[in-house]
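Pasting the structures in now, so scroll down.
Both complexes shown next keep chain A, but they swap its partner, so chain B is in the first and chain C is in the second.
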Partner chain A sequence: MAAVLGVSAHYHDAAAALVVDGRIVAAMQEERFSRIKNDPSLPRRAARACLALGGIAAADLDAVVFYENPYAKLERVVVSLAREYPRSFRQFSPALGGQLGSKLWVLDQIADMLGVERRIVRFVEHHESHAACAFLCSPYADAAVLTVDGVGEAATTALWRGEGSALRCLGAIDFPHSLGLLYAAFTAYLGFEVNEGEYKVMGLAAHGQPRFREELARVLRLERDGSFTLEPKYFAHGTDTDVGFSPALETLLGPRRPPGRAFDLEADSDDRRCADVAASLQLATEEALLGLARAARERTGATALCLAGGVALNALANARLAREAGFERVFVPPAAGDAGGALGAALLGARDLGDPRPAALATAALGEPFDAGAAVDLARALGLAALPVPDASEAAAARIAAGKVVALCRGRFEFGPRALGQRSLLADATRAESRERLNRVIKQREPFRPFAPSVTAAAARAFFADAPNDMTPFMTTVCRTAPERAAALPAVVHVDGTARVQTVTAASAPDLEPILAAVGRETGVPVVLNTSLNGAGEPIVAGPVEALAFFLQHPVDALVIGDALIERSAS
Partner chain B sequence: MSTRVVTLRPFVARVTNGFVWRSPLRAARLLFSFAHAEAASRVDLIVAAQLTPSPVRRALYVRHALDEARHAKVFSLRSAELRGKLGLAPLGFVRPDAEDLFERLGEVGFLAFVHRGEQRGRRQFESYREHFARAGDERMRALFDAVLVDERRHEEYTGTLLREVAGGERGARRALRAAAAWEAWRSWRRAGRALAGVAYRAAMGVLYVALAPLLLALRPALRERRRWLGPDAGGAGGGS
Partner chain C sequence: MNAAPKRGFLRRLASRAVTLAGVFRHFAHRRRFFLMPLVFVLLLAAVLLAATGGLAYVAPFLYTLF
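Then we have the complex of A and B:
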């Protein structure tokens, strides 16, 4: 029986996760504390919060496991620079500086950060961390596991067989052939921020036609064995990591879209071209993933598939895999990206110390609990009337049913990029104006971006085909909306008829389930629009300070903090 | 607070105003850098609000953070507007960073640091405001006027809080001196880092050239590996 802390850091989305006696106690991203989106720095406060929740001191840890091999990573960087010689001149100094100046010493830094002996700090491989996060959190005893991201040490993609607690690597695809880097390069090309704007590309794709399919086939070649290769001339991974694509891509697809320019898909033909590029990219990515998944099915014979790595956050592609790859069940964990690597590393460490595999992940609410008392005190100090209500769920539901936008802060915050009912903005899914108001006025984001619905698991099938399934509790897939229901849910159904559904049970989202039930009683439709509680460019709210700052800064109608309610009109 | 922050920046601003603001490109860059600084300040204040034990100070830091967020937005929008007039795209995304000032300096030190920053910022912005008033640029004058209202309030309340938290005028002066020393030390270290950076880049440039024969000879052996590789080849781990 052991206490193991997993750590991911130094690339993006640093996180810490604590596993005690094989049980997942806590998992949190550093950005929630530091308030810097995708914060890559060592997860000092996240680690501290995990330990506090577990009620153990750092000195009591049996192992601390970092999510990747810093030495192999350095080797890949050196090899890549050498390969690109002499075009890698610009990258040589910063890339080696980053590695030698900091990243290479990460195990010592972690020991210093926690005040533990260096000997208990070790590492596992990057893709193995991802694979463990997906497989050991899944409900499957036997599965094929695919890990697909930008790049770990050298691998960008890996195929595993998971049996019991064991993971066996069957094959890998090496840098620079990477679906993550492909998507990142196109994200930059389309004028979005890399590691942040990938969701926007996905949303934009539904507004375009894949008319650049042939061009994309020149960029990304799919092989018969399920693998893929990128055509190097369109990329600049070894020479310009800021954008990742070369001028040849602009020659192929047209000029890049300047970052920060407002979108106008109706009047601007160039924006429509960009939507077509996004649609073509999305299609190419889905087909590449399908090739990988079919190869996984063939090589493992497994009937279940687990997926992790940044690319596994592509909910559209995950839905296609579930439909077309030949697996009976598919699972993608809520923190499929690098943050999840911390949890995977902790699970591997615990397993290696003899602990049993944890129960299947039932909820993403693995963060710090919301301090409702401190929130009420702060609200008073800010001159806001925080009124206790007998039933906060009923109060929230009544306001949602009346067309109001309600911010919800209850329970432990979520692990991963999705708000799943602990730090959420909720609105009526049946009113089209909910979407417009949230997109343009409250979250101030691109008008083409969709919002997701949350629905009780019991009612899910009536509204969404394929729901519930193993991914829907964590919003890691999309489902087709039942045609007769689509018109009734204008705020949450995307232009392509899909919705990134969250199915809710009392176990998966204990604070959201009673709200959905109450909304169902009021309106007959137990569905709400659910989007993350954060301002543009900010991490999702964690505690009272950010919750109240959000309320003061954004025109939402009400804020639920624990069992108290603050209303805009009363404030 | 009777202690005045002694800094060259407002003086430099006065002297260089004509040059800096003449070019819309330079102006856009400067405004973008202000947006960045304000966004970073917002992050520091939110973290301070998380960590302070006092609900009253927490509320003040939250209000202050919201002002900084608004300033960041105003500056970045104006920067984008200036570049837009030249047919150029905005300068990109405002990515705040933070220095963990509250944890590093403690609340008294943090307040002294913020107070100094607000006083310096207020004087710098006053000089810009005067410049634009003289130049007849009403939009820019109005922009700095609007920001200055908040800057004066921030300077005032941080001064009051500092005296309160530091236990009076003497404690506050001591904290301001310590903050000034810390800032000087930080500037020294930053300068050292910048100098070391230049030396490092130069050394790496030389090394890059010197490695040419070796790297060119090795290159054929380092060809990319394509398609599926065996379990031990890809660095994905051999499994466990």
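Then we have the complex of A and C:
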């Protein structure tokens, strides 16, 4: 029986996760505390919060496990720089400075941060962390596991066989051939921020036609055995770290889109071209993943598939895999990216110390709770009329049904990039104006970006064709909307007829389920629009301080914080 | 959890020695042995690099390589 802390840091999405006696106690991203989106720094506050929640002192930890091998990473950096020399000349100083000046010593930094013995701090491989996060959190005893991301130590893609608590690597594809780097390079080409704008590319893809399919086939070659290669001349990962693509890509597809320019998909032909590029990229990515998944099915014979790595956050692709790859069930954890690596590392550490595999992950609410009474006191100190209500869920539901936008801050915050009913903005899914108001006024996002619906698991099938399934509790897939229902849910159905559905039970989202039930009683439609509680460019709210700040800065109608209600009109 | 206790200089030095041993073990593998001289020269150069202030430069794609 052991207490193990997992840590990811230094690249993006730093996080900490605590596993005690094989049970997942807590998992949190540093960005929630530091308020820096995708914060890569050592997860000092997240680790502290995890330990506090587990009632454990750092000195009582049996192991601290970092999510990747710093020595193998150094090797790849050195080899890549040497291979690209002299074109990599400009990268030499920052790259080796970053490695040798800081990242190589990460295990020492973690020991210093926690004040623990260096001997209990160790590492596991990057893709093994991803695989463990997906498989050991899944409900499957036996599964094929695919890990697909930008790059770990050297691997960018790996196939695993998961049986019981064991994970066996069956093969890998190495840098520079990477679906994650392909998607990231196109994200930059389309004028979005790398590591942040990939969701926007996905949303944009639905507005375009994949007319650049042949051009994409020159960039990404799919092999007969299910693997893939990238054509190096279109990329500049070793020489231009600002965008990652070369001028040859602009020759192939046209000029890049300037960052920050407002989108006008109706009037601007260049924006329509960009939407077509996004659609072509999305199609190529899906077909590459399908090739990998079909090969995994053939090679392992498993009937279930687990996916993790940054590319597994592509909900559209996950839906295609579930439909077409030949598996009966597919699971993607809520924090499929590098943050989830911290949880995977902790689970591997616990397993290696003899602890049992945890129960299947039932909820993503693994973050820090807050004191509801103190939150009310703080609200009142700020001059807000925070009124305790007998049933906060009923109060929220009544306002949502009346067309109001309600911010919800209850319980422990979520682990991963999705708001799943603990730190959410909720609105009526049946009103198109909900989407417009949220996109343009409250969140100030691109108008083409869709919003997701949350629906009770019991009613899901009536609205969405493929729900519920193993991914829908965590919003890691999309579902086709039942044709007769699409018109009734204009705020949450995307132009392609899909929706990134969250199916809700009392176990998966205990604070959202009663709200959905109450909305269902009032309107007959137990569906709400659910988007993350954060302003533009900010991490999702962590606790009451940020929730109240959000309420003061953004024109939402009400805030439910703990068991209290704050209304805009009253305040 | 209280703030981590300040670790002594010797303990921190011992900790770094563990990491250096890890680097040595990794590059002592027969497939990577030829990289060892380069890595250890670079480790020495790291001291100079750290003094340049150039470490603050972070580009969005930097993680792809480094």
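Note that the second predicted complex is superposed on the first by the 571 of 571 C-alpha atoms of A that agree within 3 Å, B and C clash if a C-alpha of one lies under 4 Å from a C-alpha of the other, contacts with A are read in each partner's own complex, and residues count from 1 in each chain.
Basically, contacts are C-beta pairs under 8 Å (C-beta built on N, C-alpha and C of every residue); 3 or more make two chains touch, one makes a residue touch a chain.
Every value quoted in this text rests on a predicted model; they were computed, and no experiment measured them.
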Self-check item: First, second, both or neither for A:H12, with chain B first and chain C second
Solution: second
Quiz prompt | Touched partner set for A:V79, first chain B, second chain C, both or neither | solution = both
Quiz item: Looking at the overlay, does A:G150 come into contact with chain B only (first), chain C only (second), both, or neither?
Solution: second
Quiz item: Of the two partner chains, chain B (first) and chain C (second), which one does A:N314 touch, if any: first, second, both, or neither?
Solution: neither
Quiz item: After lining up the shared chain so the two structures overlap, which partner does A:S246 touch, if you call chain B first and chain C second: first, second, both or neither?
Solution: neither
Quiz item: Between chain B (first) and chain C (second), which does A:Q282 come into contact with in this model arrangement: first, second, both, or neither?
Solution: neither
Practice problem: Based on the superposed arrangement, let me know which partner A:D225 touches: chain B (first), chain C (second), both, or neither? | Solution: first
Exercise. Check whether A:A188 is in contact with chain B, with chain C, with both or with neither, and answer first, second, both or neither.
Key: second
Quiz item: Thinking of the overlay built on chain A, is A:G171 touched by chain B (first), by chain C (second), by both, or by neither?
Solution: first
Exercise. Identify the overlap between the chain B-contacting and the chain C-contacting residues of chain A.
Key: 72, 79, 82, 93, 96-97, 193
Quiz item: Taking the complex as given, what residues does chain B use to touch chain A?
Solution: 43, 46-47, 49-50, 55-56, 58-59, 62-63, 65-66, 69, 80, 89-94, 96-98, 200-201, 204-205, 208, 211-212, 215-216, 218-219, 222-231, 233-240
Self-check item: Complex contact set, residues of chain C against chain A
Solution: 1-2, 4-5, 7, 12, 14-16, 18-19, 22-23, 25-27, 32, 35, 38-39, 42-43, 45-46, 49-50, 52, 54-55, 57-66
Quiz item: In the complex formed with chain C, which residues of chain A make contact?
Solution: 11-12, 40, 48, 51-52, 56-58, 70-75, 77-82, 91, 93-105, 107-108, 111-115, 118-119, 150-151, 181, 184, 188, 193-195, 237-238, 240-244
Quiz item: Contact residues on chain A for chain B in the complex?
Solution: 33-36, 69, 72, 76, 79, 82-83, 85-86, 89, 92-93, 96-97, 124-128, 147, 152-155, 158-160, 166-174, 176-177, 191, 193, 223, 225-227, 229, 232, 258-261, 295, 348, 352, 374, 377-378, 380-382, 535, 537, 543, 545-546, 548-549, 552-553
